[in-house]
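Both complexes shown next keep chain A, but they swap its partner, so chain B is in the first and chain C is in the second.
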Partner chain A sequence: MQARKKLDFWNSCALIILLLFGIFLVYPMFGLLKESVYVNGSFSMDAFSRFFHKSYYYSTIFNSFKIAFSVMVFSLLLGIPFSYFYTFYDLKGRKILFVLCLLSTMSAPFIGAYAWVLLLGNNGLLTNILKAMGISGISIYGFGGIVFVQTLKLFPLVVIYMNGAFRDIDSSLMEAAESMGCKGIQRFFRVLMTLTMPTILAAALLVFMRSFADFGTPLLIGRGCMTFPVLIYNEYLGENGADYHFAAAISVIAVLVTGIIFLIQKLATSKFKFTMSAMHPIQIKKPAGATSVLMHFFCYLVIAISMLPQVYIIYMSFRKYNNSILLPGYSMVNYEKALQKNLFRATGNTLVISFVTLAIIVVLAVFIAYLVVRKGNFISHLIDTISMMPYIMPGAVVGIALVIAFSKKPFCIAGTLLIMIIALAIRRLPFTSRSATATMMKISPSIEEAAISLGASKLAAFSKITVPMMSSGVISGAVLSWVSIITEMSSGVILYNNKTITLTLGTYVAINNGVYGVAAAFASVTTLLTVICLVIYLKFTKLEDVQM
Partner chain B sequence: MKRVLMMFLVLAMACGCIFANGAKETTTTTAPAAATAARPSWAKGVDEVTGTLTVYTTMEETQQDILLGLWNQIYPKCKVEIVADSVGTLATKIRSDATSGADVVIGGMFAADGTKYHDILQPYTSTLDKEQGFHDPSGYYTFYDVQVMCLVVNPNVLKDLGVTVAGYADLLNPKLKGKIIIADPSASSSGYRQLQTVLATMGDKFDDQKGWDYIKKLMANCYSTNSSKDVYNLVNEGEYAVGLSYESTPAGIIRLGGATMQIVYMKEGNTAMPGGAAIAKGAPNLTAAQAMIDLLASSDFQNKRAELSGRGSNKNCKSSDLPASDTLGLVDLDYNYLSANKDKMLDHWNSLWAEVK
Partner chain C sequence: MSVAITIKHAEKKYGDNTVIQDLSLTIRNGELFTLLGPSGCGKTTLLRMIAGFNSIEGGDFYFNDKRINDMDPGKRNIGMVFQNYAIFPNMTVRKNVEFGLKTRKIPQAEINEEVDKVLQLVHVDQYADRMPDHLSGGQQQRVALARALVIRPDVLLMDEPLSNLDAKLRVEMRTVVKEIQRNVGITTVYVTHDQEEAMAISDRIAVMKDGAIHQCGRPQDIYMRPLDLFVATFIGKSNLLDGTLSCTSGKPELVFKDGYRVVVPKLDPAKAKEMDVRVSCRPVELRIVEDGLGDGIHAEIEDSVFLGLNTHYFVKLDTGERAEIVQESDVESILPPKTKILLSVNTKKINVFDAKSGFSIMQGVKNNLEG
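The block that comes next holds the complex of A and B.
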């Protein structure tokens, strides 16, 4: 009988994870906090007062908030019906619909924004067509444009979440409702929506956070509508920000705002605690008549519009560009120039960074899930809370915090692949650890105990029994984490340099430098890469199992 | 299945590593042809200048092409890595990233900047300094460009709006609301130069209230960007009607053909200022950095540059066919005043912008 707790495998695991978090998460955050309140060696809240003094600054919070909220609402409005039609009805070409739906979310939002500028900008292709038809006044710039572009990028996330939720519904509940006189639309709202409310709230929060933290889209088309991440970026990189004092202060405010949103969402979700076991999964029906036509029309129209930017960019990448001037005709000059501008290196970096980050995240998520679910002690709850912190930190904030913490000796790793991997791992870990925890909860502990009672060590029981049982759940979430890693930009743009540039950042740099043809080439290569990986991934996982 | 997935992951990472390492071989050699012209006498030896030269520059594509074309002819053994951005971003990157490895900073730095960037630079006087028309008293900068400002306009958009633009005063036309783009002076050197020019020509005295009153009214019509490239590119694309820009690059693009934009020189007047390059503090490849600075100062480079566009600073270089400087109504600037008051002027701009927007 041990009087002291032995330092067994799990305890040492927990301590190691805590140490990693301490170095790479807590230390930078404290650095950021310190930077925001210390100027010239003395404590001062001047940065905060400066922020709240000028409406130019604090209105950015409102702008980001308004945008994120609108995007959230519209994504739900688009995503829920789409998912409903997809899950409940046998639409023609449903596999293709779903694959295209995944594809449209697989590029960084700002690439879509840039394509929409080409299409709907002041001199865009569609704008000119519309002008010829007598319709004018439609502009991609400003609030409306940002909401439009982001909604089209983020609604597939809602679709994926809702697919999972709808599939888990027990059809006998639906039949029971119908037998009690609640049919059609009424049943949809009173039964279906309520049953899936936790998922709806989770999807809503995800979309909100993504939109709030999105940096690329408002930078490109936000003329007149300055958002939070763009302000942080401008203050950080503007010449007057030689110390990061003001940018750090804004970052702290950003974290507080997103923290409040997160708590609100948690509160709302806690009102919907129930479990369901899908004994009778939903049967897919064949749609009929007018409703069928409407359903197909809706789904295909939405997908067509959201795929339009990517297709247009691929087309533009083959047009003849002379730096920023578009000439008539086609040529491969953009790809040649892209190769000169580190296309090869960017592709390599993208592959290395994304797979290493994914590996780190998956391993950490599995360990954290086990610690939280099986060993619910103080340390594991601490780890869980800390690992959720990045969920509420906009990417630019993570980037700045890491630069402040790690650009001086002895920890000088700024400007390396490692710091970009760390930033991405920090940012994406919460999602994977959530889904790993959810998967873990579904596995009964009695199986492990049986293995242990038969003589297996704790480690063996974990690796040979638990991990394989979790693997399918974790791996199906992996592809979306991988995609979100590749398309991440807001922390990368602060941390990158020429040697660590990735495909998405290469696109951004090319757009910034006005070499639009090269940007199109980079974006097309990114699309190609994601398509290849999606295809390979789908060979190993059934389409239905794709989940967050 | 899991094993196959594992193997695939490993394979992908291996591929990535191969790509990432192999990429170092794809160089930016645009013109490695044998030098048809005789090797310049001031150039260092071919074997002296090797390795990699990391250049942080505000130059855009066409000017980079000219510079690299000449460089690769003269020093084929030295590969150039370019990081191109606005000067504010470049300075922040160098200051925040100890591993940035910057060797030279080209462009974005002007005579009136005083000691602003000296914390990231080291002094160097080019071997060709005696040929120069302008010298930096502090010994840090080597000038290669005399920068003059201008307005870029899109004639089609202006026609649609029914507006003509001949100078700064015309920009206050309410029909141009939201149709003017400027570069943010805090981030972009050309934006700051435009600010100087506006204050010099639109006020009775430099930096007086009348000048700032004009600026306030102008801001109401404008959108701003961090990058001076956006200014002329977006006007060219027709996204904006007018942009406040510097002269050399848009003039070069127009000369290359196919551009819609046109240049308008402000009837109120203009300012000219030498801009240049310097060697970064702690430059890893000092020899190559010095070679690059010498190249920039030389008439060989400046002549080639003037063939496209741009006014050189070397006394021996040919003048380009840009309008002669005495036709522009040049106003003198007080460099001492500028370097002492840059922060104050930028703060004034920022608070005014925050008020107006």
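The block that comes next holds the complex of A and C.
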């Protein structure tokens, strides 16, 4: 009887999830691998040898690596102090700071880059001002520019992560350190940093991966500093027609590289394994004197610089343009043009794709979390492992794998909204399922048993008790997923067509066609959507609960 | 409707590891029955088998005549109180308490009435609309109890319910638990590792170790006449001294290691023969006789602790054994360390065990697994 019951609901769930993974994740990945080593039906490693023989190709790895590493370091340097000031001190307008923080990380990946081009490009606003002051040589293009733009976009992730970690620290730990004579800066490094090391590593990895996989920024402002994802895209849509074979090979290399980084991070994290929960969370202090001024200055300056591009884009969207020529004065012409260029369709597609994707990943994440935490058997561990696979797959790789797998029978869905949804679900699942699993871990099994002992069925206990208890954690993970879905670019750029165009891709197309005003209009609508969702989200959740 | 619980030859396995083997027990209708033992002894495992949260690998579990082995926990009509209370954090006190009634599809008017009644019973009616995180540990405990009781369960199961409370509250709450259990008259299985708590509230206690019940009986039975050495040392504080039983003079005499001989009146004649024994003496059953004023075991005071009503002496016997003695505090001074003393024993109350098997050889040992 007991054994038969184990084959019930949860095992069927596990099997269904496994089947979905098999079709939409494992099958495309194998397709990608096959494509990379087969030419015209015979085994060949020529794509790999071609890659490693030309510095034009393999130098992209080093470029990407250098950029990702620098962005990671700078993001930590900005994010950790920011988060420390924010979490431990009652800064003026701290709510606004946090919201702006969220906003700046939520902007579409290349909108920031594009705005910086307008500000610091060859004919940018700031460039001209600096020139007038006699300063030249400052440019947004190349390595430095990519690092600058990506850091400003990615450091808020560190802030959000660290805020969660800092809030888990029990104030008695800080007091204990102080009682042993460890204070101030020393305490910050010896106690706070070591206590939050797992989170620091996790945030570092996240920033690294995002930067490594970012496609929009280096594409727009790379100028000779070509990165891996850009190379994949160029080869995929090469001038000599699509070279699936070579693009697949580069994708495989990309996955290997990110996979290695992921393992290194895992190894590092395993050295810091401990759990904490704050019975007495740290009290927020009022800062005083010069430190207070410095803290405020630091936080507001950083946020102002990160928000500058978004504000400027919105401003530019109301400027008068004649195609790519900027004219004096203001107008709505950009929006009129954008409407002719599928603004409605793009907005509709974006909304449909984001909501459907979000529903899928939230449901999957909740079930995966339950299976992993409560039913620690082989299948659930397998699911857990597979669900983390996309974590190390840059968006462009996901896009190419799906195109290769689903352009032919039996699954002919290339060029549909469905394939975009699948790509995004794959991309976002690891994040949402991680946060759901973490939330699930905190829920004691006896809570469900209590419900069952009171007569609820197992399913009712799950849906009435466990799911609501998970909801705050899952929602906060989901809201960030939602925004990254809206602003997704790297997989979409490979999968989209005129019918399935989204807002970010619309922006990209407009920039490519040189109609900068229209691009600004698309970008502004994207930002507006982001703000709306953030506002809705904040209505329903406590600000402090924003965690990933 | 409260029920009797009968367990026959219960067996619990985790993989190849057998945790409980061939355990049989009957718990009477309406009794407060405690499973007591050190951590890892299987007491919680057994409780969870009764609740239905652990699978049963062998044997039969009955509520009255109904076999419950394959019944879902939700169908067993149990009320359970968890060690961490397991209060639903996303619901108010009232919603928590009415949860069980709602799953039973009882009309709301009736639910409200029942909930009000039970909240009053456990004295948390004034917090009905609070969220659980605004309650103290003791209040959460009461809510957990109310939530378990409101469904009028056949059996109340409590898994170390007081272990998360501070000492003072623990003492207070155990009185509350006992009182409510008496008032409701419900069969209760209570798990704890705290022997004092067990004695204070139980009608009957089963002392467990390594998945087996060593002794089962009323608190005074297992305290006064423990069945084996484990029970003797686990229940209350006991000094263990080595000795032999000598039957040379016809009547069996207990001979301590240093030669002090006494006659123990309550030895079981069927078991008392020449053998090595271990003697368990409660600290109050050892009496200090000042040197030269009679017969006794030779010892020396090592240290003392004055606790108001009583004074505890820590002594070292000449044989090297150590013992703790509790005496009513004297008006005169406390004996200083290094004082030579003699120890006499209260022969009526000490317990003598077969040194080899560890089992008691006293009369009046009760092991009542049948209820």
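Just so we're on the same page, the second predicted complex is superposed on the first by the 535 of 548 C-alpha atoms of A that agree within 3 Å, B and C clash if a C-alpha of one lies under 4 Å from a C-alpha of the other, contacts with A are read in each partner's own complex, and residues count from 1 in each chain.
One rule holds in what follows: a contact is a pair of C-beta atoms (placed from the backbone, for glycine too) under 8 Å apart; a residue touches a chain by one contact, two chains touch by 3 or more.
Here the structure is a predicted model, which is why all the values come from computation and not from measurement.
Residue contacts after overlaying the shared chain place A:N234 against chain B, while chain C stays out of touching range.
Comparing chain B with chain C, more residues of chain A are touched by B.
In the superposed pair of complexes, A:I447 makes contact with chain C only, with no contact to chain B. When the two structures are aligned on the shared chain, A:G455 is found in touch with chain C, with no touch to chain B. Once the two complexes are laid over each other on the shared chain, residue contacts for A:R345 go to chain B alone; chain C is not touched.
Of the two partner chains, both chain B and chain C are touched by A:P468. Across the two superposed structures, the residue set of chain A contacted by chain B and also by chain C is 468.
Looking at the complex, you find that chain C touches chain A at residues 51, 53, 55-56, 69-70, 72-80, 82-84, 86-90, 99-100, 103-104, 144, 147-148, 151, 157. Chain A makes touch with chain C in their complex at residues 1-2, 444, 446-447, 449-458, 460, 465, 468-469. For chain B in complex with chain A, the touching residues are 1-2, 4-5, 8-9, 12-13, 15-24, 26, 28, 30, 54, 60-62, 81-85, 87-89, 91-93, 95-100, 157, 178, 184, 186-187, 223, 226-227, 229-230, 233, 236-240, 253, 256-259, 343, 346-347, 350-351, 353-355, 357. Only residues 54-57, 117, 121-123, 223-224, 226, 234, 236-242, 322-327, 339-342, 344-352, 355-356, 358-359, 403, 407-409, 412, 414-416, 468, 471, 475, 497-498, 509, 512-515, 536, 540 of chain A touch chain B when the two sit together in their complex.
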